[in-house]
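Have a look at the structure that comes next, please.
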Amino acid sequence: MKAGSNLEKMMESGNFAVTGEIGPPKSCNGEIVRHHAKMLKGWCESFNLTDNQTAIVRLSSIGAGQLLLEEGLEPNIQIVCRDRNRIAIQSDVLGASALGMKNILCLSGDHQKFGNHPTSKNVYDVDSIQLIKILDGMRNGYFANGEEMKDEPPKIYIGCAANPFADPFEFRVTRLEKKADAGADFCQTQCILDMERFEKWMELVRARGLHKRIKILGGITPMKSVKAARYMKKFVAGMMVSDDLIERLDKAEDVKAEGVQIAIEQIEHLKKMEGIAGVHIMAIAWEEIVPEICKRAGLAPRPQV
Amino acid sequence: MIIAERKPIDEILGFLSQHQKVLVLGCGGCVTVCLAGGEKETGILSSELAMARSKEGRPLEVAQKTIERQCDFEYLEGIRHMVKDVDAILSLACGIGIQTCAEAFPDKFVWPGVNTKFLGVNLNVGEWAERCQACGQCVLDKTGGICPVARCSKSIFNGPCGGSQNGKCEVDPDTDCAWALIHDRLARLGQVESLREILPVKDWSYSRDGGPRKLVREDLELESGK
Amino acid sequence: MENNTRIGVFFCNCNGKITEKVDYEEITSEIKKLPQVEYVRDSQNLCAHLEGELICKEISKNQLNRIVVIGCAGSREEGFFREVLVKAGLNPHLLSMVNLLGECCAVHEKNPQVKVKSIELARMGVARAALLEEVKHGDVPVNRTVLVIGGGLAGMETALENAARGFKVILAEKEDKLGGRLARVNSIIGVDRKPAELLDEKVKAVTSNPAIEVRTNTRLGDLDGNIGGFTAWLVKDGTETPVEVGAIVVATGVQTIFCPVKYGLSIADNVIGQMKLERLLADGKDFNRKNISMIIGKGTEAFNLPFVIAVKNALLLRQKFNATVNLFYTNIKVGGDNWEKMYTDARAAGVNFFKFEDNIEIAANNGEIIINYEDPFLGNKVPGTYKITSDYIVLPEELVPSEGTEELAGVLRLELGPASFLSIDNAHILPEMTSRDGIYLAGSCQMPGFVNEIEISAKAVAEEIFRKLYDEKVSVEMTQPYVDATKCVVCLTCYRCCPHGAITIEHGEQYENLYKSAAVMNPLACRKCGICAAECPGKAIQLPDYTDSQILAQLEAMEVQP
Amino acid sequence: MSTNQNFQPKIVVFACENSGWLAAEHAAELCLSYPEKVEMIKLPCSGKIDVLFFMKALEKADGTAVLACQKENCKFLKGNVRAEQRVSQTGKILKEIGIEEERVGIFYLAANMGHKFTEIVQGFYDKIRELGPNPGKVIK
């Protein structure tokens, strides 16, 4: 055990893991986080806390992580490279670890151009892969500069993201390999809205044996409307939405129910797919649907390990 | 090449509002090449300023001159007599030239006439693109001759990030994804395997982050320290 | 400005046409006040022959070195006075003409403002005169080898015409033998010769001509330089070899693409193109008493060639095989040598012409062609769809520039014209000329053309080349823009914007700047538009007779009123 | 702006010697009149016009224009297109200092259009007259 988190235990013991996601509010109102925490408690092993997602200022992921701990949930702290240099990041990692947070997910971060402070300066002192490497070094007792820690090193289960839908396609697998090389333990993928492409990617992943080196959680996002699906297909870079999926939503009488149904079918499909260690459910602004999806997809109750 | 763009006229008129006589000073270096501050632009701006101030009823006497380069003190020496007669200098040189000018004429107002944009290449008449950030430690050997520091929106060293699609950057659909370019170029050269290597964190101390930089080549100096 | 500038002002009354509106005394008293004006006189009619001699005398007597003529300023008068200056030993460009008649006296009534304007015009002319510069002649050594690209009929004809004018010719053909597309046709419109015979004769003439070097399997890979001094990189079997040439002629022709899909048909024995028909005819196929339909439309009527070919073949089928020929057309285009007569002959011979607009349907099944169409002429009287059954349908091919034309244009730095052919649609220049002097077009690469036009085209090109490169050394008046190397930052702005590709960047110690380089305008390739001078960000380029200082001096001489 | 009936604007016309300049001569042959306060300067091509020439002209005059060959028919292919671009550049400069951009213009005509020439010049003159005096004139 590297960190001994629920998530780590679940996956290392070979169980199909489930992670969720909670977006911290654009205020210091911790009740919002607590509300979601209460609603989602027990449905997932661990919950991602986004780090100023889409470059919009929000309650910090570590702050929200503390609220989750208080509510008895396990946080998965996201850290992006956009806003902090290696000094600040390492300090935050030590702080988070001291508070008992065991999962940290390393990301590049959305460019500030899309956020609410487009005139800010970005940092990108290190990139996500370098960040993984720094964290891996830290848990082994070394700072990024090579200096040895005199005291207790942080215990971290290191996560990363992978986007099978961005280009160049083959290189996406190489990039996952680099993340595994850097020391990532698990990886959550971009939400799958084109299963065919995802399967192709997994084939390449398996061909290189990567699934044995890094736990892969497939990203699941239930679609709320056809418009959203079309928008993602057309305007979100690095996002692919299959025509079948759009057609299904288009033909459905109850689009939301169909979206949930598709998500459930995807989970069932992923359960059977070789090399998939779990799912990561991102119900953006639709957190209340998570229990239903988990229930119907046979993910509840969560096993105890 | 340094790429610059003339400042909005209102800003310039604001700088000069207190003056009656100015020298519009062009530069024959980069800003001539990038069509921002050569002799022609100097002439046009001089005329524009004179007309704008005439219109306000507060005539401005405008002298104009374009010198070889404003980033060399010796060239600035040559216009000392002109500078003597004016209240202020409006420099159309890049940030370097403007500062050199200010240093050469400590008693004169020296106003910037252009915004220095970036170090770049001329793609087409009227179109320029950034290519270098002068980070002080070139990595082009590892990235197929395409700079991730200057050309990747996130300056990442192990790209492309998840926002790369169809070879374009998520930040702007008109901008090439630098890492897609790097990948394709190395693939063409049969070197794509080299991208498996994790490029280590960059030493930014060679960049501006290490404080204002200075280059001293003792082999070229006659007396050390001078 | 030189210190010894001495301006002489000659005022012409134009037989009273000028003094009828303005007062000579008033103008001269103003002019005499201007600096450097050393001499002023008037005349009833300056362009009279004797006046010329008088001006000559006054120039030398008063040591005048800039001349202002105030009167009229037509090109005839300008020529006359320039000659006078030459006779007086002055450079003809030291002349400033003021069009007092045209800009003032002929267009305004006599009033106080005319007086003001006449003085202003005179001041402007004098201001310009003070800044005039000499323009010298220069001898430019030129290479008298011509590269002809394309070994079809047009290329061979051009090679022969150039050789006949004393040029060495390199004839580059991308295929393994000369001949081009003409070898594929049965008969030539307007030429009473068999294509094969004609080609044989030309190939023999070309290959036996010692001045012509034929290079097959060869294409142009790259090009440097300018008229009189091109370096052309010829590619053969993947190897590039440079050749030095003075001019280049493109004769790459046209290609045809058979596209029956456009008419809702697919290729079949009885669905053929005009080129296929030509080959069948040449092979001696029997069309005796057959019913044959032809069609011209769907964009192919853009050129008149497809129509004329159809009429030619219709007439031939009618006369030779007594076939029934139906020609469906959207537009009759028979402009050209005798084509009108061929068309009336075809009508007289019984070829059926049917006009259609959009409503035509052609179906091919079981060896039978069925055409249903609506006749716009009959439509008013006998409306309905007409049906015609035929044995063959002959379609026109698409005419497009031959393969590689776009790449070639890139190498030659030419822009493609209408329908991607090379000719530029511009009334100011010959169709054989391009935007670059030294690069010419012959034959169908300009625009699909006729065989009997090729000879004219080839002659025009050869004459144009001869006019420019008449000797090993040609004398030119150096009116091209000149560059102040101390101001040139070799930014390439001029190189990029010159419409004639006349600018190169030259290097050498004589260029006194950081780069030891400067933009240089080729005197033979430059057409003196001055675009480069206007674009130069360093104001390093000046066009003789139109320098910035000369133009700004005219503005400076104007009065300003609040 | 100014409605001063006595205002007579001064106009500087740059003319391409392949079209506008010859059209002016044609107008003179036909004795077609136009306002006196119009001055012409000859250019080898409208593409020789320079933003600086326009600006210098407007330091003295109330309006300035360039006469170019008909579109698509520039002897030098793109000269008139460049001229058009420079007219809009100048217009932009004028606008940014609060001077009407209509004070600079481009007109297309052919050498044999004497009538068109006077029409253009008169039209432009009238327009500038309506605009009133150029407030940016520089009096030294």
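General observations
We call the chains A, B, C and D, going by the order they appear; numbering starts again at 1 in every chain.
Going forward, a residue touches a chain if its C-beta (ideal position, glycine included) is under 8 Å from a C-beta of that chain, and two chains touch if they have at least 3 such contacts.
Just so we're clear, the structure is a prediction, and the values are computed from it rather than from any experiment.
Subunit B and subunit C have centres, each the mean of its CA atoms, that are 43 Å apart.
Subunit A and subunit D have Cα centroids separated by 65 Å.
Centroids of subunit C and subunit D (each the mean of its C-alpha atoms) stand 29 Å apart. Separation between the centroids of subunit A and subunit B, computed from CA atoms only, is 40 Å. In subunit D, the residues touching two or more other chains are 50, 52, 56, 59, 137-139. In subunit A, no residue touches two or more other chains. The set of subunit C residues touching two or more other chains comprises 497. Taken as a contact graph, the chains fit none of the simple arrangements: neither line, ring, star nor complete graph. Pairwise, the chains that touch each other are A-B, B-C, B-D, C-D. Note for the complex: subunit D touches subunit C at residues 8, 10, 12, 18, 24-25, 27-29, 31-34, 36-37, 39-45, 47-50, 52-53, 56-57, 59-61, 72-79, 82, 86, 118, 133, 137-139. Contact residues of subunit C toward subunit D in the complex are 74, 99, 101-104, 106-109, 111, 113-114, 116-117, 120-121, 124, 415, 424-429, 435, 497, 499-500, 527-531, 533-535, 543, 545-546, 548, 551-552, 554-556, 558-562. Every residue of subunit B that touches subunit D in the complex is listed here, in rising order: 8-10, 13, 40, 43-44, 47-48, 50-52, 54-55, 59.
Those residues of subunit C whose C-beta lies close enough to touch subunit B in the complex are 487, 489, 491-493, 496-497, 514, 536-540. Interface residues of subunit B, counted against subunit C in their complex, comprise 28-29, 32-33, 35, 38-41, 43, 66, 68, 122, 125.
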